[in-house]
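There are two complexes below, and they share subunit A, which is joined by subunit B in the first and by subunit C in the second.
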Partner chain A sequence: MDYSKQIQDIAAKLFTDGKIDVFVGYRMNGFDDNQVPAVITDPKEVSTLVFTEKSVFNLSNYLKADHTRNKRVGLVVKGCDSRSLNLLLTESQVKRDKLYIIGIACEGVVDDKGQKVQNCMECIIPDAVVYDEILGTPKGKKDYIVNADIKALAEKGLVERREYFEEIFENCIRCNACRNSCPLCYCTKCCIDQETATIYNGSNTSSSAFHALMTWSLHLAGRCVDCRNCEKACPSHLPLHLLHKQNEKVIFGNFQNHLAGVEEGDRGAFYKYSLKDPDDFIM
Partner chain B sequence: MSFSTFVTDKAGLQKLYEAIISKYETYAPVEKFGKYDYKKVSSLKECDPDSPIAMTMSVKPLFFPRSSKIMKYEANSAGTSIRETDQDPLAGQRVILGVKHCDARGLQVLEAVNKWDYIDSDFLKRRANTVILSNRCDKADTHCFCTSLDYDVENLDAPDVAIVNGTNGKIYVQARTEKGETFLKENSSEPMANRITNDELQMTNCEEDLTKQYEAFLSSFRLKMDYKDVNERMAKRFDSPAFEEASRNCVSCNTCAFICPTCHCFKISDEKIKDTGVRYKSYDSCNNVYFTLEAGGHNPRPAKYRRWRQRSMHKFVYYKERFGVNLCVGCGHCAISCPVNISIFEVVNHVASAPIES
Partner chain C sequence: MARVGVFVCFCGANIADFVDVPTVVEEAKKIREVKFAIDYKYMCSDPGQQMIRDAIVQHRLTSIVVAACSPRMHEKTFRKALSDAGMNPYLLEVANIREHSSWVHQKDKKAATEKAGDLVRMAVAKSIANEQLHEISVPVTKRALVIGGGIAGIQAALDIADARIPVTLVERSPSIGGRMAQLDETFPTLDCSQCILTPKMVDVASHPYIELIPYSEVIELNGYVGNYKAKIRKKASYVNFKTCTGCGACWQKCPVKVPNEYNCGIDTRKAIYTPFPQAVPNKPVIDAEHCTMLLKGKCGICAKVCEKGSIDYKMVDEVIEREIGAVVVATGYDLWDATPYEEYGVGRYKDIINSLEFERMVSANGPTGGVPVRPSDGKVPKTVVFIKCVGSRDKAKGIEFCSKICCMYTAKHAILLHHKVHDSRAYIFYMDIRAAGKGYEEFVNRAQVETGAVYLRGRVSKIYQKGDKLMVRGEDGQLGQEVEVEADLVVLATAVIPYKENPALARLLGISYDKYGYLSEAHPKLRPVETAKAGIFLAGCTQAPKDIPDTVAQASACAAKVCGLFAGDTMKKDPMISTVNNEFCSGCQNCVQVCPYQAIVTEEIPLGHGAKEMRTVAKINEGVCQGCGSCVAICRSMAITLAGFTDPQIINEIVAI
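Showing the complex of A and B:
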C-alpha cells in the first residue's frame, strides 16, 4: 500500500488549480521509518507527502484546528478516518464543499514495530466511505464482529471486570489527551473540564478518572469509529478501546445494527429510536 | 569532598536493592499496560529498576503529585475557616530506585522555582527526605538529547547515588552527594560483600572504565545541539513565524506537559460538598486552550502557536534568564508520548535556525 506518488500529484494539482488552501497528509518524521501528519500550506512542500501502511494518525482531527478552520482543505482519509469525517459532516462541523477528500481503500496500518494493529485486523469497513477520489481497489464491507478483547472481558466475572477497569482508572493521569486527540471531540468547552463539577474535578483520583473517562466514552457511544487516536495519545498506554468497543457492541445489538459514520447523513444511534427496539440493557 | 565508589556485580546490586526495599519505604518503576510508573514496592520482583527510558514515566509525581490537597475549609453564612489537610503521604523518609539521570536533573531544576518567591515547603521537604538511586543509561533512545544541555551528565549530582555499568559485568555504585555517601555507608557493606577498597580501585581501572562507558553512551546520541546558541537565538525570535510552522502538527493533547519532568504549571480546583470543601492543586498544561482564559472571556493566547511559543520560550529562554538553567533536561519523554511525534528539540531548533524578520 503505497500511494505517495498519487497523493503528491493530486495535492500539487489542487494547489495549482487554486482549489485548496491547506493540505493535510502524512510525511516522514525525518529520523526513522515512521510518519507524522503534515499540514501543508506551501505548494513547494507537496513533495514531502507520503502514504504507506505507516500512515496511522486519523487526520480528520485536524479539521478542528486553527489552520484548517474556515479554509478549503485537501485531506487524506482511510476507512475509519472517513467514517469520523462523515460524522463531522453530519454534525455540521465541516462543510463538504470546502473539502477535497482523497479516500483510501485501506489495507490496514502497522505500529512502530511493523505489526498490523488490532483495529485493522478487525476492520469491517476498510474503504473510505466519503471521498472525491479513491485510491486502491475497494474491498467492500465485512460482517460485524465483536472485538476479541470484549469477548474475553465478557467471560470474566463482575468483580474481576471491575478490578480490571479500576486498574485502568488508577493509571489515568487525567491529561485528557484521549479527548483532545479524538476527531469527534470538538466541543469548545468539554464537560470533563468543568472545574466546578465535583465529579470531574481536576484532582486525578481514580474516581475523577472514572467519571471523566466514562462520560467521555458515553458521549462517543455510537459515534466512535475505532481509529484509536486516543490510545496513540495516551501516555499511560491505557486500553481505552475497551470502553468504546463495549459501547459499540451494545449499540449494534440494540439500535438496529448501527455503525457510526458509515452512511452519509446518518444522525446517529439515538435518532434511530423505534418502538421495536429491545430495551433489556442498561449501560 | 570526594565521595566513595563501590564496585560490585549484578548479584551484589540486586542484594543492595533487596536490602533497601526491606529496610526503607521504597519506590521503583512498576510496569502496567506496558508503561512503567514509580510506585511503592515491597519486593524487587514487582519492579524493574532498569526499565527502558522510553517506557518510563517521570519521577516528578513523587515530589509534585498529579493532584494534591492543599487545604480543607468550611464556608457557611457564619464565615470561613481553614483546616489543615491530612498528613502528606510523600513526606516520609524514602528511597527511589531506578530513576533516570535526566529525571533526577529535572528535580534539581525544579528546586530553583520552588525556592523562589513562594517557597514550596512540601516539595522541598519531600526532596530532602528522599534518597535517589539513579542508573546511568548505556545507550541513548531515539529522542534523547541530555548530553547537549547545560548539565554534566557524567558527574551529575542530582541523584544521591549513581549506578554505572562497567566492563566485564562490573557495576560501579557511586555516591554523588553527602546524603548518598551516608546512605551507602550505612547500607552497602553487607549486601555488597565483594566491595573493593579504594586502593584496589586503582587496580580495577575504575576511572578508565567509567570514561569508556560514558564515551560509548555519548556516541549513541542521534540528537545534538548547542544549547547556548539556541538560548541566544530563541531570545531574539519571539515574533518569528517559525513557531507557527513548528506547531502546525500539534493536536493540543497536553500529554507533553503532563509527562514532562520539569513542567510545573498547576491549576487550583475546589471540591465542595455543602459547607465543607477541599482545595486541590493539579497539573495543568500551557498547551491547553483554557490555560490563560480569563474570567472575563479574554484569552491572551488564543492560537496554538502562541501556546507553543510560551512552552518553548519558557523552557529555553525565560527560565534560563531567571534561574540560570534550562527548563528542559533532554529526556525526550514529550516526543515519545506525543501522538504526532513533535519533539521540543525539533521545535526549538526550527525556531533558532529561522531568519529574523526585519
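Showing the complex of A and C:
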C-alpha cells in the first residue's frame, strides 16, 4: 500500500488549480521510518508527502485546529478516518464544500515492528465512506468481530470490572492527550475542564481520572470510530480502546447494528430517537 | 449565609399517619443553614401560608422548603405565599413527602420518616443554590383551531367565535355535521336532529369569525400554548368552491355509483357528491378513489355539464398554515365492528344491522324514506329484536366500558319503530337500563308503556335462520327461562369506540390517549376538558362516549377555557427554561435534534472578540422552551443550563443524601 506518488500529484494539482489553501497528509519524521502528520500550505513541499502502511494517524483531527478552520483543505483519509470526518460533517464542525477528500481503500496499517495493528485486523469498514476520489480497490464491508479483550471484559462482574478500570486508570497522569488527539473531541470548552465540574477537578487523583475517562468514553459512545489516535497519544500506554470497544459492542447489539459515522447525517445512537429503539432495559 | 425555613405539613392524616412529622422537623433543625422549622396540620390552608409569610419576615429567610404534597398540587400556592411576603417565588423548594414517602411506604413508618428527612435535606441543599427568577411574558395568537365539525366542534367554534375570537374549523369530510347529522330524532324529547343541527351548521358557515376548512386534515402542530403553528392539508376536491353554485347537475349526471357512507352503505351516491342535501358547505367533491376520469382518464361528464366550469381534474392537495393559540379536539366516534359475535351470525345474515343503519332507515331523509325495511327482501319488519351491549361491557369479546348512549337510543328506536310501523313490536334484550339524565327515565318508561316494547333482561346466546325469519334465542333473566323470539329484523347496539385515527392525532398533537384510543383529559374530575398539554382541549366523544347534551356542554366548556386563555394580550410563562452559554457551545447541534418542542435554532456569532470569521452556536427560543432539560442532558460541553435545575442545585441535592 503505497500511494505517495498519487497523493503528491493530486495535492500539486489542487494547489495549482487554486482549489485548496492547506493540504493535510503524512511525511517522514526525519529520523526513522515512522511518519508524522504534515500540514502543508506551500505547494513546494508537496514532494515530501507520503502514504504507506506506516500512515497511522487519523488526520481528521487536524480539521479542528486553527490553521485549517474556515480554510479550504485537502485531506487524506482511511476508512476509519473518513467515518470520524463524516461525524464532523454531521455535527457541523466542518463544511463539505471546503474540503477535498482523498479517500483510501485501506489495507490496514502497521506498528513499529511491522505487525498489522489490532484495530485494522478487526476493521469492519476499511474503505473511505466519504471522498472526492478514492485510491486503491474498495473491498466492501466486513463482519463485526467482538475481540478477545472485550469478551474477557464481559466475563468480569460489575464490581470486578470497575476495579479493573480503576486499577488501569491509576496510571493516568491527566495530561488530556487522549482527548486532544481525538478528532471528535472538538468542544470549545471540554466539560472536564470546567470549574463547576468539581468531580473531574482533582489534578491527578485516580478518582478524578476514572470519572474523566468514563465521561469521555460516554461522550464518544456511538461516535468512536476505533482509529485509536488516543492510544497512540497516551504517554502511559493505557488500553483506552477497551472503553470504546465495549460501548461499541453494546450499541452495535442494541441499536440495529449501528456503527458510528458510516452515513452522513447519522449522529449516533444516543443523539436520535426512533420508535424501534430498545427499551427493555428501562424499568 | 443562607437562611432556610422548613415547613412540614401533616396533610391531615395523609402524611402524619405514616411519617413522624415532628421527627422530620427535628431532623431539619439539625441542618446548619436551617434557621426555622415548624410543622402544621394543613400548610396549604390560609393560616399555614400565613406561618410562611410571617417566618420570612421574622427570621429573614433567604429560601423556603415546604415538605408536603407533590409540587404539581400546591407549588403555585406556596410560590404565591412567598411573593406576598416580598420574596422571589422561585426561592421555594417543595419536598414531596406525601406521594414520594408516606403514600408509598405505608407499611414502614420508620423508613418513611427517614426518607422524608432525606427528601427535606435534599430540598434544603437545593434551595440554597436557588436563584431569583422572573416570569417571562410571551405574546398570544388569538385564534383557535377546532378539529372536527360534528356537534362538539360546531358548538365550540360558535361559542368561541361569539366572543369575537377567530376560529379555524377543520373537518375531514366534505361537510360539517358529523354523526348528529345522521340521526333521525333525538332523545329524550324526540326533536328532529337535522332541524336543530342545520341552523347551527349554517351559522358556522356564515359567521364572520369562523373560517371553515372542510375536506381537510391537520397534519402538523408545532409551538406551544398561545403560539401554535398548524399545518392543514386541504384534500383535493377537484371542484372550485369559489365558482361552484351547488346546483347539482354534476352529481345527477355522474355515472359512477359508490356505497353511500352517510347512509351506512344502504344506498349509493355518485363519485362526485355532497354527503347529504343539507351539507355545509353545499358544494360537491370528487371521490378520487372511484372517479373514472381520475382513475382512467375517461368520462369527464361532470366537467361537461358544469355551467360554471368549476370542475378541475388537475387539482392537487394543498397545505395551508395557520398561527393559532389554542386547539379544541372534537374528532368524535365510530361504531365497533360486531364481527367477533359469531353466534349472532353477524355478516352471515343480512337482516342483522347495527343501530346507526336502523337510525338511517327510520330517518325521513334516509335511503328508505323513513320506513325500516329488511335488507334481505325489502319487506317492512313486524317484529324487531334490539340487542344492547354488543361489544360494550364485554371483556371477553369487546370492550370493558359502557358506551353510555345505547340504553337511551334503543328506547328511542323502539318508539320510532312504533311510530313508523304501527303494528310492529320491539323486543329489547338488555343487561341493565342506564337512564341517568334529565327526563331519561321517563323516556324509557314511555317506550315500555306507550309502544309496548318488551324488555327482556338477559343476553342473547344464538341467532339462526328459520325460513325468512331470524330466531333469536336468549335468556329472560327475570323469569329465569330461555326465550326464543321469531324476528324479522335484528338491531345491534354496538359499542361506541373512538375515531380510529385518534392515536395518530394524539401523537401529532403531543397529547396522551388511553388504551381504547380515547384522548385523555388532564384530570378526570377537576380538569375534564383540558389535556395535559396547555392550550389543547377536548370536546365530545373524542374523550369518552357522550350523548348530545353532554357533548354540547363540554364543547361550551372548551370555549370558556379558550376565551379565558385569550383574555390578556400576553401570557405569563414559567422562567424555568434553558439558556446557552455561547462561549462553551461548540455548535454540534445535537440539542437541536433532541428538542421535542423545536425550541432551539442556530445563530452565527463572531469567532472571537472583533473577529470577522463566524461560528455557529445554538440559540433557545424562550417562548417555545418548556424546560424539559433534554438539551442539558445531551450537551457534551455543558453549555446549556436549565434555570431552576442548574448543576450546582442538582449536585447539592445529590451530596445531601
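Quick note on the criterion: the second predicted complex is superposed on the first by the 266 of 283 C-alpha atoms of A that agree within 3 Å, B and C clash if a C-alpha of one lies under 4 Å from a C-alpha of the other, contacts with A are read in each partner's own complex, and residues count from 1 in each chain.
Following the convention adopted for this analysis, contacts are C-beta pairs under 8 Å (C-beta built on N, C-alpha and C of every residue); 3 or more make two chains touch, one makes a residue touch a chain.
Small disclaimer: the values here were computed from a predicted structure and weren't measured.
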item	value
Subunit C versus subunit B on the shared subunit A, clash or fit after superposition	fit
Touched partner set for A:150, first subunit B, second subunit C, both or neither	neither
Residue contacts on subunit A - larger count, subunit B or subunit C	B
Touched partner set for A:93, first subunit B, second subunit C, both or neither	second
Partner chain(s) touched by A:232 [first = subunit B, second = subunit C, both, neither]	first
Touching partner for A:28 - first (subunit B), second (subunit C), both, neither	neither
Once both complexes are placed on the shared chain, angle at subunit A toward subunit B and subunit C, C-alpha, multiple of 10 degrees	130
Touched partner set for A:173, first subunit B, second subunit C, both or neither	first
First (subunit B), second (subunit C), both or neither touched by A:219	second
Subunit B versus subunit C - smallest C-alpha distance in the overlay, whole Å	5
Common interface positions of subunit A, toward subunit B and toward subunit C	188, 196, 198
Of all residues in subunit A, those that touch subunit B in their complex	29, 31-32, 34, 36-39, 57, 61-62, 65-67, 167-168, 171, 173-177, 180-181, 188, 193, 195-196, 198, 201-205, 229, 232-239
Residue ranges of subunit C in contact with subunit A within the complex	583-590, 593-594, 602, 607, 613, 616, 634, 636-639, 647-648, 651
Touch list for subunit A against partner subunit C, complex	69-70, 91-93, 186-191, 194, 196-198, 219, 267, 270-273
Residues of subunit B that touch subunit A when the two form their complex	32-35, 37, 57, 66-67, 69, 142, 222, 248-249, 251-255, 257-259, 267, 269-273, 280, 282-285, 289-290, 303-304, 337, 339-342
